[in-house]
Amino acid sequence: MSAILVIVGVALCMASGLPSLVTRRASVVTTVLIVAGGVTGLIGAVLGLTWGTAGLSLPWHIPGGALAIRVDALSAFFLAPVFLLAGAGGLYADRYWPAARMRAGYVRAFFGLMAGALALVMCAANTILFLAAWEVVAVSSFFLIATEHEQAESRSAAWIYITASHVATLALFAIVVLLHGVTHTWAFVPLAAGTGAIPVGQALLCLAFIAFGIKAGLMPFHIWLPGAHAAAPSHVSAVMSGVGIKMGVYGLVRLLSLFDAVPSAFGTTLLLAGIASSILGVAFAIAQHDLKRLLAYHSIENIGIIVTGLGIGVVAQTHGQPLLAVLGYAGALLHVWNHGLFKALLFLSAGAAIHSAHTREIDRMGGLARRMPWTAAAFLIGAVAITGLPPLNGFVSEWLLYVAGFTSITGSPHGGPALILVLVVPALALTGALALACFVKAFGTVFLGAPRSEAASDASEVPATMRAATVPLILGCAAIGLLPALFGPLLSRAVHAAAPRLPMPATFTALLQPIQDSALVIAGIAIAAVLTLLAVTRRAATALTWDCGYAEPTSRMQYTASSTARGVVGLFGWAMRPVIHAPRPFTLFPSAAAFESHVPDTVLDRALLPALRGARWVLGFARYFQHGRMQLYLLYLGVTLVALLAWSAR
Amino acid sequence: MTAVLQLLLVVLTAPLLLGVITRTKAIVAGRRGQPLLQAYYDLGKLLRKETVLSSTTTWVFLAGPAVAVVVPLLASLLLPLAGPRAPLAFTGDLILFVYLFALSRFFTTAAALDTGSAFEGMGVAREITFAALAEPALFFGLLALARISGSLSLSQLLTVDGTSWHKASAALVLIIASWFIVLLAENSRVPFDDPNTHLELTMIHEVMVLDHSGPAFGLILYGSALKLFVFSALIADVALPRTGNPLIDAAATLGAVLVIGVVIGLVESSMARLRLVRVPQLLIAASLVAGFAVVLVLR
Amino acid sequence: MPPIADSILILLLLTNFFILGTANLRSAIRGVALQGLLLGVLPFFVESQATVRLVLLVIATAAIKGVVIPGLLMKALRDVHIRHEVEPYLGFVPTLFLCAAGTALALLFADHLPLAAADRTGLFVPASLATLFSGFLGLTTRRKAISQVTGYLVLENGIYVFGLLLYQSMIVEVGVLLDLLVGIFVMGIVLNHIQREFSSLDTERLSHLRE
Amino acid sequence: MAVSLIIVPLIGALAAFLLPSDRQRPWIVAIVAVLHLALAAAVIANGEAGLASEWLRFDALGRLVLLIVSTLFCICALYCIGYLRLRAERPNRIFCTALLFFLAMTSLVAFAQHLTILWVAMEATTLATAVLLYFNQNQRSLEATWKYLMIGSVGIALALLGTLFLAYGARLGIGEPTLLFRDLVKGAAHLPAPWVRTAFVFLLVGYGTKMGLAPLHTWKPDAYGEAPGVVGALLAGGMTTCAFLALLRVYRIADAAGQGVFARQLLVVFGLLSMATAAAFMVGQRDFKRLLAYSSVEHMGILVLGIGIGGAGIFAALLHTVNNALTKGVLFLAAGNIHRAFKSKRLEDVTGALRRLPISAGLFLAGFFAITGSPPFGPFVSELSVLTAAMDRHRYVVAALYLILLAVIFIGMGSTVLAVVQGVPPEDAEGRSFRESAFKTVPIIVSLALVVMMGVWIPGWILTLLHAAARLLGGS
């Protein structure tokens, strides 16, 4: 049942764009189709999560291929957000990228294709189908990123994306083929015991780290992510960032679930990589001027948190601490859902703000909360959630990981190997605090204060459908945040599917109950307090309260986002190497001068691109072998012949 | 029962702490100083005043004060101030404790930015930067305590008894020292900030509330008093052994908190504000001290 | 009978040296013509009884290899008013040394190939390989298009020599086909066009397509 | 009836030569092409029993190659109608005649069972393509033709010598110098190893030159760069396929003679070397037609690599032969349109093709993704199969190199292709005249559709044909 619903959802999503390709007038049909697909698939996923595994298989006329899908708890768990976001994004796109706008059909077609293929990746039971769907997602997202390929910026973003993604795909080729080599089947089946210890298993794990790391945007493989998410249309960024990069996480979890025992070293690698990308991701985010780049770097941070959780799970499992492992996996998986929800919410509302203010520059917005209150509220909710503050969903998943960290220190013996997990706690603490800093800056600068540009002051609230698209996401954030105990059983099913050999401690779901209670209390009291205060000061006088001695305070006197972030950027200067252009006025009457600073991506701009340029320079020498003289070409012929004759005469 | 007692304790005696601090400073400086209950009078006065809102602001501007009051109260419910067990105690509540304050920071800073005034922005920038550095210190301390007590709930975590003092006294001392620094930073006292000066360039917390007035400002004042009280109570809890009798424990807590107030006063009158560039160094030092405590207990 | 064939083959090898060694295009072409004639008569000494096929083969070979193609080359040389120096990339002496070395290698390599009793004494295999090699030398070291063609013809002659070993099967004729290709195509037409387009047969002009 | 596959094109060639009108001649080509495809289909349908002579016969391999060539030629012929209409200023008598002659000769290659016939036919294709290359009749195309002819002739000459060596080996081993594949394979056990090895080397170099394996590929960039797009397609998809067939025939003999290991070693080396060379020259390539030439070198490398790996690799290689031919058709024809529209093939002048030629540029981009092995296109399946074969045979180093080279090639090719299609086209009136008529786009779309079909649903009969051919080569 669930499998059929899912496949129907996939089909609807994939087909949704075609009518718009044919005629502009069909864009409504597209929206209806993709929303319908999203709903159908979501129902299917929920059924799969509650009822249990279901499968479906059709023949496929290519060597080794089979159109086989399997919806087990893990797949269903990853499918749910995919379909939710597909539907929301499709609804949002209806007005965000109206049919009249350039390449509307193109965007709709590839969006549907990407969403459908994404769902297919999450439930493919045949490795070649998995691979094919994976690559379809990659290519269609490439086309979406390159939507406005007239701008050099999106061209290079798309180029870097497709390159990185193709490297990942080739690594995945190797993974799939190696799996076939050890299992002699093209399906995902558990590996023989002890595979983790032999070279093939280790090769698999290394390749997985590369392939899935690139796709998930884990540091240092994150290079493609910021540019891509900034360049794509907002609803596309929402899906790419909310669920697209989860493809990597899913692949990783799926592969790990096939091993009977993963080497602890791999877990430690995951842990450290996760910690690194969570801290550095958020640090880089703070330094951004571009709202969507900022959100993109937060995706790196959240992927880091998720991977950290997986690392906890692996390490704890190898050292026989089931509760700890379950906490790690559960935190990771739940964060997959949460990040999907609040990141999509943030991208959609950010898109609305950009749509109305006609700029992505944070420092050219401001004061939007008065002009578009709904969007502001939605962004605020998203911000509170992503910062991991109670009583919203972000807190729940991070709380699980914190508890894991603390359990590792209370639960392990002296010098126990699992003590490395203690690192999680300070890492999460730093990440959380920085994320808070970042979103205070973002929300404050974009929505609060006075408008910093003409466009911002003329901004107006976006159409109803665009707002409606955010509602399910808001509800999701609230539901998981306020009623986590409700999701406990689903979560434990998913965890069991992710780590089949892990004994599921009964105490686990009970842990979430008090969180739920306190979350409800907090929400109740806080809302009550705000409302009462609003009531008290309803008829308060409004004036220019504090002009700090300036007769005419202008909006340019406001604290900019960059200066808000300056402190933190200073702390992380060693990693970010900000480029600051500050002309010093030294004459008696200094001429007009402008201060500017920006933070390039260290890995991409300071390491990778120079390396590639170098490689290209070296390859340039090959040109001398093809330099026009036929005599030389004939010489190659002769030399080859002689060499081969010599070989044959051996 | 204990819950009510505890709430009353916090709600009523929090402003007293401010009085104690100022009085201490006055005595050290050789003045008579304000009456101990001055803070109560101020609150009363402010609540009676009318509010003037900046023309740029939205509802966020008022959410700040509201949350600033609600959060410390909720947080205090997680601490065992009267009796061995806090009214709200469960595995992992210590994380909630820390994150509640993060919540209040989010809204107070957002409220500050809502005015669009340059000075508020300045304050926000400092607040969020320093908080990011203070957070790890807090968590390191909690980690060490968790190791010592083998529990994940503040109620067991903080009811430190003689054996653990005897077992890990060094670590506990380090934790208390580090947390005291965090307390000073979080509540913007000297040497991090000077609540008395109103020179914007030197301020962190004060500069964020410049545009508030009337009841809203009163709430902010009260909220910061509550916050200071809760932090002091946290440290007091680490230091104090518990009898189990609610009344005695409550009294002990109050006493300890007031003592801490005196100490704060002494610190404030004995040293000057740090230059802003030095602040991060001090906070990092605090984190290191707490981290060292963790190393000690793990040894 | 083989002795005579062998002596002819020796002459063939000598003409290789001559063609590579001469500095004048004309004499190079003459050398090629000589080779053609030599190959033309060679079948007589391979096949004892004179059949019609044999005669035809001899006539055809001698005519095409010895007369027609060299004639065409001469004509081309006359049409295009270019200097008659060979203008090698690689000097004559080193070329000759290489040619000698190649011949030696050919002898060595031929030894490790098993041969039928009849051919075991004969020089056919080494001679053909050596000629092939010197043809390659001509192709790679000469600058003028015409001298490259001569090199190619020499290479072919090498193949033809080996073809004679398989006289029984009709493959030898195929070698003559190859001549037709080169004779008519390469020189007849392409040289003409090159001449017309570039007003020169210097292959230096033909090196614009490059990376 | 099968002979008609050769006769019909020849008659067509004659007709094309005699017909005076430049406007009607292309139609003859198209009609003959369609007819040929129909005949080919019929022949393939009724299997071995097409014509069963010693010298000419359709085994599975032949049928496969015939299918590829005939399909590709049909597509190209239809395209030619539009193309030659565009180039009305040029007389096309010779061009059309050569096209049909080429078709006849490739068909001959497809079912030659005798090494000499095979050789003669390859020779003839060389001549035909030389004429086609020179269509533009300018200095550059002349230089390209000259190089192609010279290098090609040397290669073909070496192939002839190799053939002779094989014949001599047969004379020693079997007693009579036969060159029939059947006899050679049957009596392969008796062939003396040195002769087989030497012959294989010569034939490999000879036909490898026609295929364009590095370092024997040097004529390719010049030829493909200067030839019209349609000729490029025929060379890259048709002639190289024929040369590959010749190589396969020879490999079969060498394998039967017990030299399989030796042969496969050489093939693996050539395969990797070709891929590496292609990679090196694709990075930073400024000329998108030369880029396609190097891509062709790369894929010839993949083909021989597949054979060299052996086992399942042979099937993979044959499958890739089909995919490569069809995809090359898409790429070259689309590139031809772009070249015509922009009057240049250098990146300096060509950008934003998607804006000016939405269809052709889109097809070009699709072709790029196809040839680099993205689903849902055919090459994805075959390139994956090659990798699978390598892993199954435990050639881990080969597999790793293969993947790395594919990555480099993707980067090199992509940067050029994207530069061509994306961005804003230069504002010049010249080339505005070009319109994407149906004849210039529909054939490409058909070709792409076939590529997609090979990627999502390979028809059963093609699979059986492929398997039969693979078994013929001792593969699985």
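By written order: A, B, C and D. Residues from 1 in each chain.
Following the convention adopted for this analysis, a contact is a pair of C-beta atoms (placed from the backbone, for glycine too) under 8 Å apart; a residue touches a chain by one contact, two chains touch by 3 or more.
Small disclaimer: the values here were computed from a predicted structure and weren't measured.
**Student:** If each hop has to land on a touching chain, what is the smallest number of hops from subunit B to subunit D?
**Tutor:** Minimum step count, subunit B to subunit D: 2.
**Student:** Sort the other chains by how far their Cα centres are from that of subunit D and give me the top one.
**Tutor:** B
**Student:** Report the chain ID whose CA centroid sits closest to the centroid of the full protein CA set.
**Tutor:** Of the chains present, the most centrally placed is A.
**Student:** Which pairing of chains accounts for the highest number of C-beta contacts?
**Tutor:** Chain pair with the maximum contact count: A-B.
**Student:** Calculate how many whole Å lie between the centre of subunit B and the centre of subunit C, each centre taken as the average of the chain's C-alpha atoms.
**Tutor:** It comes to 101 Å between the two C-alpha centres.
**Student:** Roughly how far is subunit A from subunit D, going centre to centre by Cα mean, in whole Å?
**Tutor:** 43
**Student:** Averaging over Cα atoms per chain, report the distance between subunit A and subunit C in Å.
**Tutor:** So the centre of subunit A lies 69 Å away from the centre of subunit C.
**Student:** Hey, how far is the Cα centre of subunit C from the one of subunit D, in Å?
**Tutor:** 31
**Student:** Pull out every residue in subunit C that's touching 2 or more other chains.
**Tutor:** Correct list: 112, 139, 148, 206-209, 211.
**Student:** In subunit D, which residues are in touch with two or more of the other chains?
**Tutor:** 146-147, 150, 154, 194, 198, 221, 281
**Student:** Hey, what residues on subunit B touch two or more of the other chains?
**Tutor:** none
**Student:** Would you mind giving me the full set of chain pairs in touch?
**Tutor:** A-B, A-C, A-D, C-D
**Student:** For the complex, which residues does subunit A have touching subunit C?
**Tutor:** On the subunit A side, the touching residues are 622-623, 626-632, 634-635, 637-638, 645, 649.
**Student:** Contact residues on subunit A for subunit B in the complex?
**Tutor:** Interface residues on subunit A, with respect to subunit B: 366-367, 369-370, 373, 376, 380, 383-384, 387-390, 395, 399, 402-403, 405-407, 409-410, 414, 419, 422, 425-426, 429-430, 432-434, 436-437, 439-441, 443-445, 448-450, 511, 514-515, 518, 521-522, 525-526, 529-530, 532-534, 536-537, 540-548, 553, 555, 557-560, 563-568, 571.
**Student:** Tell me, which parts of subunit C touch subunit A in their complex?
**Tutor:** Residue positions touching the partner: 89, 109, 112, 133, 136, 139-143, 148, 203, 206-211.
**Student:** Can you list the residues on subunit D that touch subunit A in the complex?
**Tutor:** 146-147, 150-151, 154-155, 158, 194, 197-198, 200-202, 204-205, 209, 215-216, 218-219, 221, 262, 266, 277, 280-281, 283-284, 315, 319, 352, 354-355, 369, 372, 374-376, 380-381, 384-385, 387-388, 391-392, 399, 403, 406-407, 410-411, 414-415, 418, 422-424, 455-460, 463
**Student:** For subunit D, which residues are in contact with subunit C within the complex?
**Tutor:** My answer: residues 116, 119-120, 123, 126-127, 130, 134, 138-140, 142-147, 149-150, 153-154, 156-157, 160-161, 163-165, 167-168, 171-172, 176-179, 192, 194-195, 198, 221-222, 225-226, 281, 290.
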